[in-house]
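Structures given as structure tokens follow.
In the two complexes below, subunit A is the common chain; its partner is subunit B in one and subunit C in the other.
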Partner chain A sequence: MATKQEKQHILIAGCIIGLISAGLVFLGNPANMGFCIACFLRDTSGALGLHSAAAVQYIRPEIIGLVLGSLLIAVAGKEFQAKGGSSPVTRFFLGFFVMIGCLMFLGCPFRMILRLAGGDLNALFGLAGFIAGILAGVFFLNKGYSLKRTYKLPACEGMAFPVMEAALLVLLAAAPAFIHFTEAGGGPGGSHAAILVSLAAGLIVGILAQRTRLCMVGGIRDMVLFKESRLLLGFIAIFAMALIGNLVLSAVTGGTYFKLGMAGQAVSHTDGLWNFLGMLLAGYGCVLLGGCPLRQLILAGEGNTDSAITVIGLMVGAAFCHNFGLASSGEGPTANGKIAVIIGIVVVTAIACLNTFRKEES
Partner chain B sequence: MKTIDARGLSCPEPVIMLRKAMASGENAYQLIVDNHASKENTTRYGQSQGYQVSVEMQGTEYTLTFKK
Partner chain C sequence: MTYITTFYSHFGAIRYKKLCEKSQIPAQVMPVPRDLSSSCGTCVSSQGNYIMPESPALEEIEQIVEKTESGYRLLYRAANS
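Our next item is the complex of A and B:
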């Protein structure tokens, strides 16, 4: 079991992250979207022209901050280690389908918590699906599922992804004509806090998440596997503080930061079955990857190139979602999206089986 | 003493390997991991199972000894 001090650390980190998440909405981010790793990677894909959905194109500085924050603290703590080689192509496809699940639900596990903290009860269906997906993944973990070992790599290999994130920061600041930005009022991509505020928020959360190993999937997974509650406490602290932050902001500013119910919630739909199945796919894929999209960004910052490939899989998945009409909208899921989620659950199950029930080579 | 090589594996795999090994109920185990998070998680698990844990660091690898 975690020591009292370890539990205190993750509770404090979760509280800070919850407050920052609520604060980012006040400072310009879309409602219930202080952080959303899936949405922010999708916006970044759009800004780079990988998809052309005009409403969701912006290089999100939070993502850059998360990776660079993790890099900085990992280097400072002598934890930066370039490594990779643990089934990278499989991880790419898992990342791809996790994104399809997230964009069916309209949010990653992090935003799922923030949607709940904003009173969006549709996220309860997402949470139920998320838990179901985690249980499916845990079943395979207990049977011996593994994507095999990573190997040490040269430092430059581990630095490649963080350097790419730094390059994105340059592109964001320079805003050349070939980078696409949603116009203000033109959709979620047009709603954002100031660049430096978003970057600082990402850096702080990146540092805290690296130190505490915070992971939305890990919280429920470790509770089921080992009755270990440490990561789950972080999850609960984020929810509690974002909820308090939203209630305070509503009371002080008179704005709508908390709205209890299902209909008319920001960037969400009310189709319970597909909210459930979308997050089932996301939770399932994330357990097989060893962590949620946030954790993948943090690991990529620590030099884990398998996680970097996973993030690229998430970004390509987001591009496919918008190029092929798979992503849901406020009006609900699309027929193509439903087919893609079913295919995703089948593919993820096949990956789980193939990496569980095979002969050991070592 | 049974030795478990969990180098290159990411959590929760090292913890699952340790749990499986500990199911045999021996009094001592050795585990090798190569990242901080795995070291912390396996230490935590060993302690929760009533083992005393000592850690030896060699380069980027950690050798953990669990004793009852």
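Our next item is the complex of A and C:
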């Protein structure tokens, strides 16, 4: 099991990430959204014109930093390896439906923790759903679920996604007319820290997450499978330090960085059932993918093309959410979103069954 | 001597552990150690010996290493991995 040193490393990393997350809100990111992989990929999709929701369009430098930070530390540690071929199309669709679940809840597992640290009790329903989804996924893992092995690929294949992220950084800095940016005050996409601050935050978190293998899904999954608490400690450390950061910021600045309750929370709704089901879908899909959206970005930075395809699936899912009215808002979930989440749970279950019980035929 | 076997799937690890137990080899399923890999999959730590199973169980194995004082010694790695 994990060594004491490994546990110390992930605790320290979690504390740093929690503080950075609270700090990013102070420096301009939306409330309880220092980091949100789902929201930030959704904003990036909007900036590229994949959807036209004017309130959520911005190339988020945090995403670029996460991928490039992982790439840099993986290369430095001789851990960069281009690989793929493990059911990429299936992973695309799992990523697609994970995003639908996340945008029903209004946040990825990372933001779920940050919402809790900001006092948003709606996230408790999300957490319950997330755990239920992980348990559903673990059931299939124990029954034989597998998306088959990966294969070594040419280095250029593994570099393609990080290079795309670097290209997005150029587009962000150059801000050509064909890239869409939410105007200041025009919605969550218009609230952001300075580019270099966000990029640095992403780089630091990317490096820490690569070194510690931090994963929001892995924490609960490993507790269930092995009674191993290492990854869960990272999860708890992020929550604790973001909570402390929010309380300190509230006390020092007089701003609202911590607000305990359910009603009137930032970028959040109070429909408990659909918060639960949204994160159930996200947790379920993430276990079958082998990691949460943050982990997929980190693996993509290490050269894993299956994770890169998963991230593209997340981005396409985000575009569908806003093009077809699937994403929730502060007013609550939409009818289309509810149907999409139900379809998502059915499709993810079908993927789980097909890759568990029929695998001897292949 | 401790041997660590890593897999492409969690189920591969469970199946391997059962094979070890059938052969009277003490084995434990656990997360892959960080100093061995950046992957967050499942491995089996076996004491005293390891198994090189027949297909199809072999296809699930990514690598087998022996734990040494200075790190790990590679004993088997799947082709093209």
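Here is the rule we go by: the second predicted complex is superposed on the first by the 359 of 362 C-alpha atoms of A that agree within 3 Å, B and C clash if a C-alpha of one lies under 4 Å from a C-alpha of the other, contacts with A are read in each partner's own complex, and residues count from 1 in each chain.
The rule is short, and it goes like this: contacts are C-beta pairs under 8 Å (C-beta built on N, C-alpha and C of every residue); 3 or more make two chains touch, one makes a residue touch a chain.
All values reported here derive from a predicted model rather than from experimental measurement.
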| item | value |
| --- | --- |
| Which of subunit B and subunit C A:K143 touches, first, second, both or neither | second |
| Subunit B versus subunit C as contact partner of A:P162, first or second or both or neither | neither |
| Partner chain(s) touched by A:G245 [first = subunit B, second = subunit C, both, neither] | neither |
| Which superposed partner A:G34 touches (first subunit B, second subunit C, both, neither) | neither |
| Subunit A: partner with more touched residues, subunit B or subunit C | C |
| Touching partner for A:G344 - first (subunit B), second (subunit C), both, neither | neither |
| Partner chain in contact with A:G190 - subunit B first, subunit C second, else both or neither | neither |
| Partner chain(s) touched by A:P109 [first = subunit B, second = subunit C, both, neither] | neither |
| Contact residues common to both interfaces of subunit A (with subunit B and with subunit C) | 1-2, 6, 77, 79, 83, 86, 141-142, 146, 148-152, 213, 218, 222, 225-226, 228, 230, 290 |
| Of all residues in subunit A, those that touch subunit C in their complex | 1-2, 6, 74, 77, 79, 83, 86, 141-152, 210, 212-213, 215, 218, 222, 225-226, 228, 230-231, 290-291, 295, 302, 360 |
| Touching residues on subunit A, where the partner in the complex is subunit B | 1-2, 6, 77, 79, 81, 83, 86, 141-142, 146, 148-152, 213, 218, 221-222, 225-226, 228, 230, 290 |
| Subunit C to subunit A touching residues, read off their complex | 8-12, 14, 29-31, 33-34, 38, 40-42, 56, 59-60, 62, 78, 80-81 |
| Interface residues, subunit B side, partner subunit A - complex | 7-13, 15-16, 19, 34-37, 40, 44-45, 47-48, 60 |
